[in-house]
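Read through the structures below before going on.
What follows is a pair of complexes built around subunit A, which joins subunit B in one and subunit C in the other.
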Partner chain A sequence: MKYTSQMVAKPYFIFALILLAGEILFGLLMAVQYLFGDFLFPLIPFNVLRMVHTNLLIVLILFGFMGASYYLVPEEAERELWSPKLAIITFWVFAVTGVATILGYLFVPYAELTELTFNNLLPTMGREFLEQPLPTKLGIVLVVVSYIVNVTMTVILGRKTVITTVLFTGLFFMAAFFLVAFYVPENLVLDKFLWWFTIHLWVEATWELILGAILAFVLIKVTGVDREHIDKWLYLIIAMTMISGILGTGHHFFYMGAPEYWLWIGSIASAVEPLPFFLMILFAFTMSKNRKIKHDNEMALTWAKGTAVVSFLGAGVLGFIHTLAPVNMFTHGTQLTAAHGHLSFYGAYIMIIFTIISYAMPIMRGRPHGNCAKAQALELKSFWMMNIGMVGLTLSLATAGVMQILDQRVGTELLGFMESQTTIAGVYTVRAGFGVLVFLGLLTYFASFFVKEEQIA
Partner chain B sequence: MTERITKSMAKNIYYGGGMFALLIFAGLTFDSVQQIPERSNQTAMTESVVHGKALWEKNNCVGCHTILGEGAYYAPELGNVFQRRGASDEQTFKAYMLGWMAAQPLAIPDRRKMPQFNLTEKEVNEMSDFLIWTSKVDTNEWLPTIEG
Partner chain C sequence: MPRHLSIKAPYPPGDFAIWIIIYVELLTFSLLFIGYAFSRRAEVELFNASQLVLNQTSGFINTLILITSSYFIVKAVQSIKNMTKQTTQSANSVASKWLLSAMFLGFLFLLMKVSEFTQIFGMGINLSTNTFFMFYLLLTMFHFMHVMLGLIILGNIYQKTKRVGYTTDDYSGIETGASYWHLVDLLWIVLFPLIYIIR
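Up next, the complex of A and B:
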């Protein structure tokens, strides 16, 4: 570690991992309620479990991105962070807001929560992923602004690199698109149309810039490949991301009331969407092959390659499979969407956070060469447990989606939604099993932090 | 393949391509916003429909149901529930909704449960009006079948 202020990343990483454990735990609870409707009902109805599950995911990714930025920006800018104090205050504001919001979801009925948090003054609640009460949304704005200011000031006062420029672009547009979430039109169709400006353009555009920047940083560090070369790849990847991702928003506009031309625009752009992820695989593996140094932290490189491969499968392949308009006619609003969502979020965003944590955490703990071989072996085990768990879970959900489509949408003898769900119960049981494997994988990952360093003789 | 591409070429593809995509997106967005009122039959969007949508959000209905394909997959799609449960007749549908909402949660062991939201009769009717309005949106012929 070159600069002491990089240490502010540590609480961000630790908190992100704690939230991840909570996120998976609520996912498991949902998997059980899917099978046994009386489980936890009426104590925690499904919509509350789901809200906690998805909101924890969003917040933990933001914590991960912030930790990653506070770690890599000083090293890229070749100076201390502009204000480590602000970064610590931001951490606490965000952590307290996040925890209070989750407790609010769990202990106050949602309708009552809307009344308690002034939703009548500016209604923004009750939309998927954007369920947060107004004070939380304002808190997120404050936190993100403080984060951007800190990163920007550090970059302006120090060395400017392609990595920090890309990171900044991602952060800036992420903040800009979040502001759309404060406007909820009375017309449901316009509401949905604008809702995607935050949701899609976060996940399939601005966050991918941040992902690209973090991946490039770690690859430079662990492969020693020339920066010029890495920069070129980074530009190519994010170029494809922007071209396909922005117009790819159109694949959400097929069947919710938007004009017909989106059927074409969305399909064509979606066909290109796997490309940036494919380039990312080439990037990670080529850099690994051409590496100039052999870093002792092999897990960091393993995660880096893993994130490229799994996000290609989840976001690229599974996304492409059902975003052509004629296919989406049948798959829209089924478990196939859930399958795609799970593997993309895990592959692209959870794994990039594991990548940077695996690289940076040992350094912050005074182990510049990475964790000892025994700890890395355990971490590798957790890598496979989580990957196999997530792929299994995704395939189960995809199977459920196909069964649902055959039951409800194809042929003449159709089943109703609830009957169809009953026929899928076996698959949902398998899904829950793989979910348990993911959780055990995460616990194994946690255990790898506590493996004692071997004494160097 | 990448040997022939220089860093500055890659940079230009990024800025040029990104701007190009953004401009097309902005143009089409502008056009869509103009078209949506007609495609969604906005003139039929009465005060009751608007209240119904507010109730939909206040009770986080999208946390279990999908509406026009978006939401959670725990409970049925409601974009065409008017046709499915009301046979496209407003009186039939409203009567059905009053009975259905009052009966929740159903006492069937381990069936997925819908909470009791304690809505007034007026509120249930507003919810029905919102769902009826939604069912008439021009969705490019989605859903493929009545079962949703």
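Up next, the complex of A and C:
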């Protein structure tokens, strides 16, 4: 580690991993509820579990991104972080706000929560993924602004690189698009239309810039390939991502009251969307093949290659199979959407967080060459457990989705929702099994942190 | 004819990355062209009637403009590729003049298109008018943006020729930009007959 202020990344990484454990646990509880509908009722109903599950995901990714930025920006800018103290304050503000919000979801009925948190002053609650109470939303704005200021100041005062430029662009637009979450028009179609500006443009545009920057940083470090070479790939990938991703917003505007031309714009842009992900695979594997150094931390490179492959499968392939308008007419809102959502978030964002953590954590713990072979072997085991678990879980959900479509949307003899769910129960059991494997994989990953360093000494 | 190969592989010309972009662009436009063809089959009469509203003469002039500009780009690249160490300065200077002429035509194309769009929008036509105009506007506006990007790229290359930036060892940049400009040209050559002419 070159700069002491990079250490502020550590609590962010640790907290992100704790939140990930929570997220998976809540996911598992829901998997059980799919099989036994009254499980935990009325203590924690499904809608609350789902809200906690998705909100934890968003918050943990933000924690991961912040940790990654605070780690890589000083090294890229070749100077200490502008204000490590601000980064620590931001951490605590975000952690307290996040935990309080989750506790609020769990222990206060949602309607009551809206009253307690002044939703009447500026109604923003009650929308999927943006359920956060007003104070939490304001907290997120404060946290993100402080994060951007810290990163920007460090970059302005230090060396400017393509990686920091891409990262900054991602961060800036991420903050800008979140502001849309504060505007809730009365027209329901317009509301949904604008809602996607935050949801889609975070996930399929701005976050992808951040992902690209982190991936490029780790690849430079572990492969020793020339920065110039990596920069070119990064530009190519992000340019393609941005164009297809922004126009791809159109695939959310199908059959919801928006003009018909979105059927074409959304479908065609979505057909192109897998390409930048495919380029990312070429990028990671070409850099790995042309590497100039053999870094002892092999797991960081494994995660980097993994994130490219799994995000292509999850975001690219699984996304494309249901974003053509005529297909989406049948698949919309089924478990097929859930299948895509799970593998894309895992592949693109959770795995990139694992990538940077696996690279940076050993360094921050005084192991510049990575963890010892034994720890890395255990980590590799966790890598495969989580990946096999996630792919299995996704394939189960995709199967469930297809069954649901055939039961409820194709032909004339259609089943009701609950009736259809009963026919899918077997698949849901398999899904829960794979979910357990993912959780065990995460526990194995945690265990790899505690393997004693036998070789040093 | 003296020929000085760059240190990079002579084919495909220019940076490899531009070829990825070119193929992706071709794929995207192909999808739109195929979409147009299928939609036209379903509503032939509507497409034929709507097509009459378009100004074919200005479309044709624009085709000539783009093809000529592409020729100018070829001349610019030729001037750079044929230079020797002794003629570097004059070759860059000649190339800069060809580039400037090509850019002038590029701007002319944009002006013609703006006047066409003004006319179309003046008639109250928009993306929701019918399927033909949706495709017409999507394709031509998307292409319009490509011409704008092409001009920015040509502008950068022009600046470099002014600085005598291309040498016998390194002229990959001008080939990269030229490849992109030819793509813009090629797309229009398919787009023009498809949307304006074929009935």
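We take it that the second predicted complex is superposed on the first by the 454 of 457 C-alpha atoms of A that agree within 3 Å, B and C clash if a C-alpha of one lies under 4 Å from a C-alpha of the other, contacts with A are read in each partner's own complex, and residues count from 1 in each chain.
Operating definition for what follows: contacts are C-beta pairs under 8 Å (C-beta built on N, C-alpha and C of every residue); 3 or more make two chains touch, one makes a residue touch a chain.
Computed from a predicted structure; not experimentally measured.
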Partner chain in contact with A:264 - subunit B first, subunit C second, else both or neither: second
Which superposed partner A:255 touches (first subunit B, second subunit C, both, neither): first
Which superposed partner A:272 touches (first subunit B, second subunit C, both, neither): second
Partner chain(s) touched by A:236 [first = subunit B, second = subunit C, both, neither]: both
More subunit A residues in contact - subunit B or subunit C: B
Touching partner for A:207 - first (subunit B), second (subunit C), both, neither: neither
Partner chain in contact with A:114 - subunit B first, subunit C second, else both or neither: first
Touching partner for A:15 - first (subunit B), second (subunit C), both, neither: neither
Intersection of subunit A interface sets (partners subunit B, subunit C): 232-233, 235-236, 239-240, 259-261, 265
Contact footprint of subunit B on subunit A as seen in their complex: 33-34, 36-38, 41-42, 45-48, 50-51, 110-111, 114, 119, 123, 125-128, 131, 184, 186-193, 228, 231-233, 235-236, 238-240, 242-243, 246-247, 249-250, 252-263, 265, 329-330, 332-335, 337-338, 407-409, 414-418, 420-421
Residue ranges of subunit A touching subunit C (in the complex, touch as defined): 232-233, 235-236, 239-240, 259-261, 264-265, 268, 271-272, 275, 279
Subunit A contact footprint on subunit C (complex, rising order): 15, 17, 20-21, 24, 27-28, 31-32, 35, 127-128, 134-135, 138
Residue ranges of subunit B in contact with subunit A within the complex: 2, 5-7, 10-11, 13-14, 17-18, 20-22, 24-25, 28, 31-33, 35-37, 39-40, 42, 45, 50, 53-54, 56-64, 66-77, 105, 109-113, 115, 117, 130, 133-134, 137-148
